[in-house]
Amino acid sequence: MNMLTSLMLLPLIGALLISALPTTKSLLAKQMTLGTTLLVAIGVIVMAIRFDTSKTDLQFVETHSWIPTFGINYSVGVDGIALVLIILSALLAPIVVLAGWNESSGGRWSAKTFYILVLVLETMIIGVFSANDLFLFYVFFEAMLIPVYFLIGGYGTGQRNAAAVKFLIYSLLGGLLMLASIIALYVLSGEQSGHTFNINTLSQLQMSSTTQNLLFLGFFIAFAIKAPLWPLHTWLPDAAQSATPGTSVLLLGILDKVGTFGMIRYCLTLFPEASKTFTPLILVLAVISIIYGAFLAIGQKDLKRLIAFTSISHFGFITMGIFAMTSQGHSGATLYMFNHGFSTAALFIVGGWMMSRRGSSKISDFGGLQRVTPVMAWSFFIAGMSSLALPGLSSFVSEFLVLVGTYTRYPVAAIIGTFGIVLAALYILIPVQRALHGPTMPGNEALSDLNLREKIAIAPVIAIIIALGFYPSPLLNIINPASTHTITQAGFTDPLAQIDPKAGK
Amino acid sequence: MNPANYLYVSALLFTIGAIGVVVRRNAIVVFMCVELMLNACNLAFVTFARINGNLDGQVVAFFTMVVAACEVVVGLAIIVTIYRSRRSASVDDASLLKR
Amino acid sequence: MTSNSLVYLIALPLFGAAVLLLSGRRSDRWGHIFGTLMSAGSFAVGVSLFLKMLGNPTGERALTQKLFSWISVGSFQVDAGLLADQLSICFVLLITGVGTLIHVYSIAYMSHDLDRRRFFAYLNFFIAAMLLLVLGDSYLNLYVGWEGVGLASYLLIGFWNQKPTYATAAKKAFVANRVGDMGLSLAIMIAFATLGTVSFQGVKEHASQASTGSLTAIGIMLLVAATGKSAQFPLQAWLGDAMAGPTPVSALIHAATMVTAGVYLITRSNFIFDLAPTAQLAVAIIGAITLLFGAIIGMAKDDIKKALAASTMSQIGYMVLGAGLGPAGYAFAIMHLLTHGFFKAGMFLGAGSVMHGMNDEVNMRRYGGLRKFMPITFATFGLGYLAIIGVPPFAGFYSKDKIIEVAFNAGGVKGIALGTAALLGAMITAFYMTRVVILTFAGSKRWDDKAHPHESPFLMWAPMVLLALGSVASGFFFTHGNSLRNWLAPVVEATPSHEGELLSPAVVSILALVLVAIGVGYAIIKYLLNEVPQVAPADVTVFTKAARKDLLQDNFNEAVFMRPGQSLTRGLQVADTKLIDGAVHGIARLAIGSGNLLRKTQTGFVRSYAMWILAGAIALVATIWVVTL
Amino acid sequence: MTDFIVPKLSYVQLSPILIVLGGALIGVLIEAFLSRKVRPIAQLTITLGSLILALIQLWHIRHESSLTAAMGSVAIDGATILMQGSILLIAILAVALIADNEHFTVLAAAVPGSPEERDSLQSGEKLTEVFPLTLFAVAGMLLFPASNDLITLFVALEMLSLPLYLMAGLSRRRRLMSQEAALKYFLLGAFSSAFFLFGAAYLYGYSGSVSLAGIRAAVVGGSGNDVFLLMGIAFLSIGLLFKVGAVPFHAWTPDVYQGAPTPITAFMAAATKVAAFGAMLRIFYTSLANANWDWRPMMSIIAIITMLFGSVVAIAQRDVKRMLAYSSIAHAGFLLTGVIALNKSGLDASIFYLFAYGVATVGAFGVVTLVRDSSGEVTDLNKWAGLAKRSPFAATLFAGFLLAFAGIPLTSGFIGKFSIFSAAYESGNKSLVIVGVLSSAIAAYFYIRVIVLMFFKDAADDGTSVIIPSILTRSTLIITSVITILLGVYPAPLLNFINSLASFVR
Amino acid sequence: MIHQALAMGHTQTPEAVLFWVLGPLAVLSALAMLMVKKAVHSAILLAWIMITLAIFYIAQDAAFLGIVQVVVYTGAVMMLFLFILMLVGVESSESLTETIKGLRPIAIVAALGFGGLLVSLIGHATIGRAYVGLVDANAGGNVQALAGLLFSKYVWAFEVVSALLITAALGAMVLAHNHRLIQRPTQRDLATARFRGTSLARAAGLPGPGVYALHNAVDVPALLPDGTPSQASISATLKARGDVIDSRPFQLSAIENEEE
């Protein structure tokens, strides 16, 4: 069987097996989930190794007729961009399970349900990134809301119900707008080439510019909600604040990438002209997101909300990189998605441990943790440094690529975006100072440092953050052909340097 | 005289019946107004049958009568049941279900 | 020429840092030794490389090493490559040399600190980052080291971060540095967009083909970067606070090495600045402003470390000024950088020694007459003092006077203005440094009886002595036969402009010496011959008050950046919840509200339902009526 | 006088209807002659038996197509077969719910609260008349979409309505509400069928024929003045729109849905919609297709109002059954877009949607029957809080049906929504698609609210409980949910089937 | 214009006279049916309208329908209505003041609008075909012709209608037939039970409504001699409807307490 399909089925099988367990055996459920996610991770790594970086077209393609009446196929396949995101998901999943070992216990339902939801979600995430059929993509895109919704509402804290509903309604609204566009594409394809949802075929449809603009908006709004772009972001802080750290990692680290992934894969490919038309507007929104998210992050008193707002800022960078329409911007944006996944994961995971130990998510309740729990503090610090894109850590490479890629075509956006790096220093260092530094706050003296399980969970994250900072080539090699291909498809070429670098030689 | 005039009568009777359903409160009277509407329809059918020169309209009218008879049986049964429960045949009293 | 050993320069201290950090408390006992050894090892590699370079012919001295392809996207190709040319190797030797000395010093200085191992880990990390900064073969590689030292500086300033003010100082330093970093990243972006490359070699080759406008932009952005890292006006405010770190840190990072990175950057980018006169002039002006700014602050400081920090700022101003003077000044800027590295590091270590003996007291008004108790410290400090105020034949005399001279000879009004500023600076330097020496070592004792001043242990004074030797001899050594200038020539193309010489070297020296004497004299009158109060007098001029408050730099930043920023943050928070989220909730409320409103149409009366049907029928008929008529 | 034509009925093609009618008659005979004790089981057997038999018979004739099965009164074609199949399947599922006699009064004639009623409840007897009534209604429903002339249409309309009026009043609990529902349904139903008849009269007047083919011929032939045609369409539509619950002819829906016994609500909500839309599709796709410029704008406006109204008002509901009623109004709006589409894909989509929606509706109401307290079913939404704690099974099923209603992918509702909107878009009705999408978003809001209520709210200790369903109810629930999911995951076979079959003979 | 289209089909004068006499009368009767208070009067008026219509049918060559109208409709259906009216109470009349606010004016406007629009539309309608008349169709006799249609073309509908009739019968049975489920105790049984029962309290029979109550209404329970309300004194129907007024305020003990 095709590798992608097997990888999709694997978590589903795991979920089925777990659902057969009695509710009381939560430890076994955890172990099985961990095992399944690890298997998937290994599978994805094998797939990454077998991936041929010299090709630009999709690989591991598998196509079956699904709903022939509508020309819908079960069609999967990955290019470099999708593969990287699948790697991200597959690697983060076992980490999330291991890190949030006890996360499932405080919920409304049994731990078993929690892990079933997580596994189902993993299937859908792999599916959404590997779908090569617009309809299939949409199915995964919408269906994965449900497990997340239950994860937030069932296992979160505080205003979890409201947050879950807000998340779902926002997402559904965007999804329905996209559905309208998809329907339009479907009908157009029926008029021009016979009904199909094949992305390649759809990208060759003839459309009037008005149609293209409208359809583009349908897609873009859905994606802009998902990868929260100002001003469609307000669901994210609420959701992140209410969700458990593990869910937040899945949500911000992986799920929201579907938005930016969709912008690359669908907005640009299907509507190149409209993308051009809307680029100025989107860049403005992206830049606003960068600055706005950063400022709001600075002002947050709640650790989870703070991380959420940093993500909004980061998603601004990613969006900017995508719509810069340069290969640097694109590769940077894709790499950024990967790196943001890990740095946010690190922040949420470690932040989650801090919060569960202290029983509070207010930053002011911490203080002096570096004395009490040095390993935890260090982990948080490194995660923070990654978040502020310290050179040598992975985020830097991507952030810089985005900026440099944007600058070559839209210098003003890049310059304003660059201010974001100063603000990033503030929004990371302020919580670091308040939570880790200073005198030990009363109530924190007896907090325990990370145990072995937690160390095992966070170590690979930090290792990846550092390793990719120095040696991002493996990922860039996978990404580059795909992003160049996308740019070319969208009808762009990199702007040349003002002088020809080879002229001098 | 023009047969179309029957259509005017039919339309007026139908209107009056419809208004009767709205303004009258006694369920039986309301139902009688519905019957009036059906009769108006029948008149239209018969008139049209005459205009069109085929008997299909009359057949419809015949069926209408039969159907109306059945409807009357069912309707009155329901009204009687309601009346027995409430000691009232006013449709306004039956307003537990709302909002 | 390629060399495979460049990487060890960085790898050794990096390895040290990693080992010390990861091993945790297990390495408490031997960590400091290990760290020192790593640093020393790196120094050894540096020396061997230096010797190797010496052995090569002038044109082939530069050593390169390509490690791997770092970032490669489209035309954006950056290798992880190292370049040790004549300029870099000076820094390598300074960093590893002074660095190792300070490691040694710290063994003793930090011996009572429970976290000494962590301190050495940071130091090692700093050495590695700083070496990467000077060895990187492209702007982007440099950037990694550039932020790396920023991080190291942050960690070290905040080493005692349980004290909130120290933690704040660390944050302030990092943020100020980040502003500079933003300049550097913009410079790199512009360079890539204009020249299509970010390697030093590539930029150097193509710079001449780029427009002056772009080059000026790059230059200005590089200057912004330099001002951040080197505490130049207007990003100088963090340096004083950075003295919160342990004194060896101040010596190493905030005097000898990191803060001079800006000078390195400007010198390294000579090929840009030489083609962008406006940017170059800006560099010189910033340098001149800062050297006066720092000097003025230095006059009013009672905290010995802050006084020295102000002095550092001022001295780096000299270097930047020198670098801003173009080919004529690069070599002298670097020379002053190196000599300053010796004497300022020495003085900082001296200050540390004093504090060590005085229960960490830093207020000079509570010192006095310490020369009897700390003779070695006094001697080494004194030699550094003589070097900094530029008394011949000490090192400062050679380096600083050269800068003043080149400034005067820059030509026109510019030359006169810059030269005068530099000269004035020399006089102020003499004044405040004399003040420091007098307040600390001369006069009567002003400390309370709890302090028991004593000389520091061998491990502390030995590095001080070595550095003092450097401050005495290096100037002569560097200028002898223009050795440094010739050495650097392949990198910075030193072409002294003797055309239209305004003042001859001799005149400058004499002028400088006279002004220095005036400064020294005034200080002696004021502080040696008059009683020094233990508490700083309050009835002073506005000017002094301002100087004490660092010329209101913090107030300025607070008023212009911090407060509006805070207001903006608060405003945006309100906007986010009230406006954006409010709009969302408003739509939801609208839907619910209209639902509740329409719900009322369901009255429960069957007659009103019939009315709905009838109304629908009427609407339909009316439509037909309108359509058909 | 024309020569008498000896009528020829093609009994094979009519057999599904005849089988059901026969079953009903046997049911009546059982009422008359069998002892009370054996009646329930006998009735159930007969009812289910005849429905299943009819379904089997339907399968045999699925490829037949004729206009002459009943002298031109009935059109047997793919569309008919599909509609009838849907109705039969839904009816079977609903009968399984109806069989749980707990819902029906034993003595409908007894005055609520009277000693007779008390006695009757204690007697432990069961009301078995619902079975033949159901079968009569099913027969009417089977006939309704197959009718090919206005007379048969009218007769079928009454035939499906009368039993429903009656059954709406048979609830065991809350008798007064149930009777009120019957009264309202009856009065308004009669009112609307008068409109239907009035429209039929004008169509007859316009075309001189009562057969759909004749009307079609007149429309195609088209005289200049079509006032009668327009009036005919308008009034006829009122009758049909009333049955499907389109705004402003919807007002009965919530009240009747709430008041009627829940299994009946399930049956009528699902099956009536199929039948009424089936008839509507036939009329508009065959007879009136060429007059689409006359009716499309008007229907579009009604569809838009219906979608929005249903979705918005549903938000404000506090009773499960009323909420489902408004949801059915919204769905009527979605389905109207399929009628308006007026193309083959619109027909296919409508049939699929009707089936998917019908099955999910039966399932959803089936879950409603399970939630009870001491006074019977609990439909107050507030008391549904924390249902997942009480019964994860019921809550999960209900959530699944709600998600299907909301059109979330991997449920049948999504495929339905997609196909129907794409058909509407294809026909150029973009505004309908946009409104449809927007109201779907609004609708999603209240479906989700219920899910929140069931899963994320804590249960109050108010005696609400979820009973263990009887075997029949349980199988209905399971079958409906399986179909709902299956049609979301792998709808290809059904879609192919519909696509190959769905067409109208003319 | 329909008038022109039908010009050739003008009917004879007698029919015109008939129409102009009976037509307006029918409409007026219909209006009166709306206005009269008593349901019975409405029913009589409706019967009259139906007879009018029967005459119209006959006038329009629909003799069979005319007869059936009289027999089935006026005869059977209206009798059924009257029966039910008697059951409900012949004297029952409703106040004609409108209870739903604003419905009356809306209804009047609707009536004028709807009627006006319909009349106007019919006025503008034309029929594409010529006026035909039923002379040909009824050539073999109206009844025969109708029978021909009914038993051939519309035989299916004709057959199916039977199902409708059965439904109606079944429905009437279900709703109206009140079969004994449990043997009603006879008066003797009751009397025996009263005196042989555990308590003699009810031996004197049930209290009448409101007998001892301070409030003389059927929906207030009577008070037993000890001052407690007797639930038995209230009609079960009222209870089921929830129309029973709480008796507590009327309890003797409560009132006494208040006075103290």
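Every chain is named by a letter (A, B, C, D and E) in the order it is written, and numbering of its residues begins at 1.
Please note the rule applied: contacts are C-beta pairs under 8 Å (C-beta built on N, C-alpha and C of every residue); 3 or more make two chains touch, one makes a residue touch a chain.
Computed from a predicted structure; not experimentally measured.
Shared contact partners of subunit A and subunit C, listed by label: D.
Under the contact definition stated at the top, the chains bordering both subunit C and subunit D are A, B, E.
With respect to subunit B, maximal separation of chain centres occurs for C (centres as means of Cα atoms).
Inter-chain contacts peak for the pair B-E. Work out the mean CA point of subunit A and of subunit E, and you get 68 Å between them. Distance between subunit C and subunit E, defined via averaged C-alpha coordinates, is recorded as 98 Å.
Between the Cα centres of subunit B and subunit C there is a gap of 96 Å. Spacing of subunit A relative to subunit D, judged by their CA centroids, is 44 angstrom. For subunit D, the set of residues that touch two or more other chains comprises 108-109, 111-112, 151, 155, 158, 162, 165-166, 169, 175-176, 183-184, 187, 191, 195, 205, 208, 225, 227, 231, 254-255, 445.
Residue positions 169 of subunit A each touch two or more of the other chains.
In subunit C, the residues touching two or more other chains are 588, 599, 602-608, 610-611, 614-615, 617, 621, 624, 628.
The list of touching chain pairs reads A-C, A-D, B-C, B-D, B-E, C-D, C-E, D-E.
Every residue of subunit B that touches subunit D in the complex is listed here, in rising order: 7, 10, 14, 17-18, 21, 27, 30-31, 34, 37-38, 40-41, 44-45, 47-49, 51-54, 56-57, 59-60, 63-64, 67, 70-71, 74-75, 77-79, 81-82, 84-86, 91, 94-99. If you check the complex, the residues on subunit E that touch subunit D are 118, 121-122, 124-129, 139-141, 144-145, 148, 151-157, 160-161, 163-164, 166-168, 170-171, 173-179, 181-182, 236-241.
Interface residues of subunit C, counted against subunit B in their complex, comprise 599-600, 602-607, 610-611, 614, 617. Those residues of subunit D that touch subunit C in the shared complex are 183-184, 187-188, 191-192, 195, 225-227, 230-231, 234-235, 237-238, 241-242, 248-252, 254-255, 298, 309, 312-317, 442, 445. For subunit B in complex with subunit E, the touching residues are 1-9, 11-20, 22-26, 28-29, 31-33, 35-36, 39, 42-43, 46-47, 49-56, 58-59, 61-63, 65-74, 76-81, 83, 85-87, 89-90, 92.
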